[in-house]
């Protein structure tokens, strides 16, 4: 099985979620993160103290899927999260060894 | 009763004992006074219920300025880890200053004059301060109402200073500082100007506290923040205000309360109160708009923090002049407040490099002094017969007196503050440890966190 | 019009019908009364605009104590998932109690006496309550102003109780409880003491509501929180207040409003109001400082929550005595408030083990009773000729009467509350389900979340 | 001085220059006026301190309604990224409207009549507005107090509109809109009804601003929000209020301030003020409870946002009638407010599809109109001899006049708003870019974020 | 070594922590996340605008353990986090290559 | 490629970021977490209810890098995040299979 982590622009969350649901993904876990990268943050000013935040609000989506689904998930996220401007984010894919559903104790792909 | 409770009771015993002693000793003294008050009261002047109603309301408004007004205004500007500590500074200041005021502060400030410098102890414990008016301090309101109204000024003045030393001072050192400062600086300065002291005798004009409140506290704050040193990381680490809506709430409540502060200083519900009310409001409006425009041109965007700062600057600046100037004077003073305070907060402070955490000096100090000068320029007897004419109404002398007042109050405040803080520093230290500062004063000094999700 | 709208309209129809019926029936009754009011008015006493101005302002202040003051004070203390529910308790209590007050509550509380126990229905619907003063209830203010000022007391009293049962009571059960309690407990108790009932006839002194407001609500709250049971997880799971700045804001607004509560109870802008104002403020300051010091010694650190709790304890405690005691009495009462309430909240409650979520009993109940005793000790005719002398001024009888008052009000309130809640429990249940409590009352009872990031 | 400072100074120079010019030109004009004021004043009427105290307090309360009341009420309802922008709208509106008011707005609104349509410039710069009462505008309070009290109404009215166009309007366009609207719409409408204009001459009754304040602003808001278009994503993307406790705080402060708004409109501390105070409070209570009940039946749960909305609807609705109707009228009006505004906000708006972000139209517009009709039905000379009898007291004519007033104000406001916004749109654009809207107005327009953890 | 990530119901955090401590786990890292899955969120209403949140507050626990401890950790979490109703959450297991303790520079299992 | 996750003390974030930028890291993702470990939290008191929080605020940094950069990144973080007191945190390293840049669709190391 694969863990697919995607860092995306916050306002794209709903579109990405819909795209994933459409291809049959049934679960995902989302968190608020801050990203540092090519995209630069906005300038803020407080009583003359100006500064630019290096860290920009992003949303991280984690989806665990069966190996054969991974490609479709990556494609769906890429499509839905893309605006074409710097800061669209990245997708990271890694292998995972096992999954357990707490409620039932099921293991492996059937637990997803 | 659990054994835990038992041992707790033991710890509390000393406090109980102290309290009881105070009770016994104080009891004798005060009971006599309460009765004495009845005898000593003069009977000639008549209380006007309308004037009294307005000053009662004004007293409540000015108390509300300190808590929750100033407390939240400052609290919203600090980092999240220091908000409770910052709020507590104003909160406890209100309590300590009020208690000291009724015990001896009012007497020292407004009691019978000793050499033009300070009042004596005749009115300590409010001896003789009752329902009858005092001929000078509000001839149409109970003397006790005037005392109480002034109490709220004595409470907010030291609280103003706390903004300059926020986020790094030890709580206990802060308490000692606020307490001693009230006695050593506030009571004399208040007496000089409002209690019939030497500056009053020279004809210095300070309607609602440009010198008594703002210059005294802000120049002291300047000394204090320099002595205390910069916050760790300042100015390299950004320290944005953690909660601007709370800051804006505080600013709004301060504005609301300022009507009590300035219009209440007319000591009645009359034309003078109306005139001071309008001057106060318009100066604040003008200063806000001016600040916004300058910031817009200078930094590219108008900010909410800028507008709020402009408003407070306008309010502080009009304070000493509110009851002496007309509409035009108020507009000019608002204009000056916006421009000059902006320059001080946004350009001068960074250039000079001291760390006045919440800009007490640039807003209140500069504003207060500016307003005293403004009174020297725009005051007019046509507005307030009990006042004087300023430079623009043909009387250059007033401006001189105003400048003397600014110099005297600033100099006196700064020297005293320096001495007080030196002593506290030697005795107990001024600043928290680096670890405590890192962790935040809320946890390290108070064992609390402001927000739990 | 969409079909959704159509079906919605249908659901609303019943309410519309009920409302229209009330309109028609009420219309006839009230129109008569409005006219009757004109005829029935006596014409002897003269309205004083200054006194009226102060009581108008005080009425506004006391209403502000309930919303947003108390609502946010309590709301900040709960966990994040229950803040809206807690705020709504005070909010809706204000509305229901006010409506009941004008319809029949004022008449039952202050209307012509029936056997010393309750008023009759003569003044229902404000019949005859107009611009002319009532000789006893404020001879210098319109009777309607007095009615309105008292309305705000009738609103905040049941709201106080909600703090003890927060975070677990069903919303609808709460509404029934507050409504029935007002009729069964508040109106009689209010009549006994302020409406010329049997306690008033005995000479019991309760200036601004130590028994009528604080003891009645807090003893009821004690019964209610025991009957309701502990919150899930209490006391093992930590339940820290979710937003202390909001709590502090609420505390500050309560303090501000309390000037209307206590000084307004002088029913005029006069020396008595001034005296009550000072006593109120100083007692609160002393109690705050005392609480802070005890906590510092006992727990190692002074906290913001502690200071705010001390302040409210001081304010609650001085309430019944504010207009009867001098400065010394106020200081002593503040001292006692800080010490005794601290012990109750911090040691006794955990030892006894009931779950009074926001400490209504330890702060308001204990404070109110303490203040009634304080009045019995420190009251002096020199301060208020309409009052009486306390024990320390040579009159031990007053203290006896005060103790009777506390006992009668506490006993009556507790028994009635027990019966009311038993009935509600049988009819509809008192508590939300475990799942609802887990999820939080905001979502489960109101379908809302307080914060959205 | 750093070189950065030097260059900054240069940027500020233009502002300084402009300000100085204003200072010189204005100086001459105003100084003359300040003196003129002394001469022109009539001397017959006598100021009553009690009435003055109440209107001073009321002025402060109404200013507090705009900031922080309305600012936070609206601010809590927006999404987190737009709160500062929303607060600033009210904040700056208060400042601009106040400055314009003293310069010429008061004169245009209340100054000597020109053809029943507008005032002239006689009172510009407050010429002749001093401590003496005006025979019509408050014969017992300084004319300046009346001017100031009205100033606060002129400030909150345009601020109300900002709720409909929040979260998407450009800040500079908003400023121009608010400014021009005040002159073109508010001053005339105010003059028609309160300044002795044609509607006043017809006998139209608007006690505290149902037409002047609520209908004028809300109908304009309707036009504005349609012209501006929907927020991106509306209505598909959920846009829940980001901070309901702040919204509730704002609602509570609005309620508190509304006593100044409505009871202050009696221009004295008298029986009429008391009657208006009671009507205001009871209507708000009834509307809250009604809204809660309907929502409970219709959606399954009573919400905090619903209760607050009901309260504001009740307050807006009673506003024009507060000083003309008795208790029964107030209850009926509260009832109507709850039912009708609920239908408009919860059913009609979604059905019609315009994006009135914070429901200005459904609450203030509908409420204001309803209240004017209510006055036409329930007004009674028994309550206010200076008023008139409504339909239910045998005078159908008043209702006609009220309807004409609603129509005239609504039509005039909508047409003018349409023209003003068209011009602004052509000259500078109304709306921020999509990216700016996405990012939020706080960052894009003001370079700030409300919260920093 | 293994990384064990568990998404659980927020109010179960304390129980899970205690269960882990009991079997000898000495460290864990916790974050607030939002989960999308079979469990449906509550309905919210704001002035008549009703909507159901798809994302439900969850807690994510990350525990890094030696390979031989993994089974016991999974068992402990499953036991403590279980309520038996939908939304109890999932456990994801994957391999990690190395661990470093910043304070001491220790590496590998001894750094845990 | 490697995923390097570091749990550090919050006030060290800026220093760590600077150290990473210095050695050429161009992106990272940061989140707020709570840590449980040897370091103990501060005592809090609310009206006499005392308790110690077991969970201490920490910052988690995720950096995805090419295999050959991993050692330098670990070294940089260790250096910058170290105070020498308990609670400095840990670094976890694992393998990842793939990276995608959403904006361009690039894959593998060039997407980093």
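Labels A, B, C, D, E and F are assigned to the chains in the order they are written; within every chain, residues are numbered from 1.
Just so we're on the same page, a contact is a pair of C-beta atoms (placed from the backbone, for glycine too) under 8 Å apart; a residue touches a chain by one contact, two chains touch by 3 or more.
None of the values given here were measured: they were computed from a predicted structure.
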Original post:
Where the contacts of chain C and chain F overlap, which chains show up?
Top reply: B, E
Original post:
Could you state the distance in Å from the CA-based centre of chain A to that of chain B?
Top reply: 52
**OP:** Compute the distance, rounded to whole Å, between the mean C-alpha positions of chain E and chain F.
**Re:** 18
Original post:
Roughly how far is chain A from chain D, going centre to centre by Cα mean, in whole Å?
Top reply: 46
Original post:
Which residue numbers or ranges of chain D touch two or more of the other chains?
Top reply: 48-51, 53-54, 57, 240-241, 243, 249, 269, 299, 301, 303, 305, 346-347, 447-449, 453
Original post:
Hey, what residues on chain E touch two or more of the other chains?
Top reply: 31-32, 44-46, 94-95
Original post:
Can you name every chain pair that touches?
Top reply: A-B, A-D, A-E, A-F, B-C, B-D, B-F, C-D, C-E, C-F, D-E, E-F
Subject >> Contacting residues of chain A [partner chain F, same complex] >> reply: 2, 6-8, 31-38, 54-55, 58, 60, 74, 77-78, 81-95
Original post:
Where on chain C is chain B touching in the complex?
Top reply: 48-51, 53-54, 57, 61, 79-80, 140, 240-245, 248-249, 251-253, 255-256, 259-260, 263, 268-275, 277-278, 281-282, 284-286, 288-290, 292-294, 297-305, 307-308, 311, 326-328, 331-332, 335, 339, 342-343, 346-348, 351, 380, 382-383, 392
Original post:
Residues of chain C touching chain E in their complex?
Top reply: 237, 438-439, 443-444, 447-449
Original post:
Once bound in the complex, which stretches of chain F touch chain A?
Top reply: 3, 17, 26-31, 64, 94-103, 105, 111-112
Subject >> chain E partner contacts - residues on chain D that touch it in the complex >> reply: 235, 238-241, 295, 299, 301, 303, 305-306, 309, 345-347, 349-350, 359
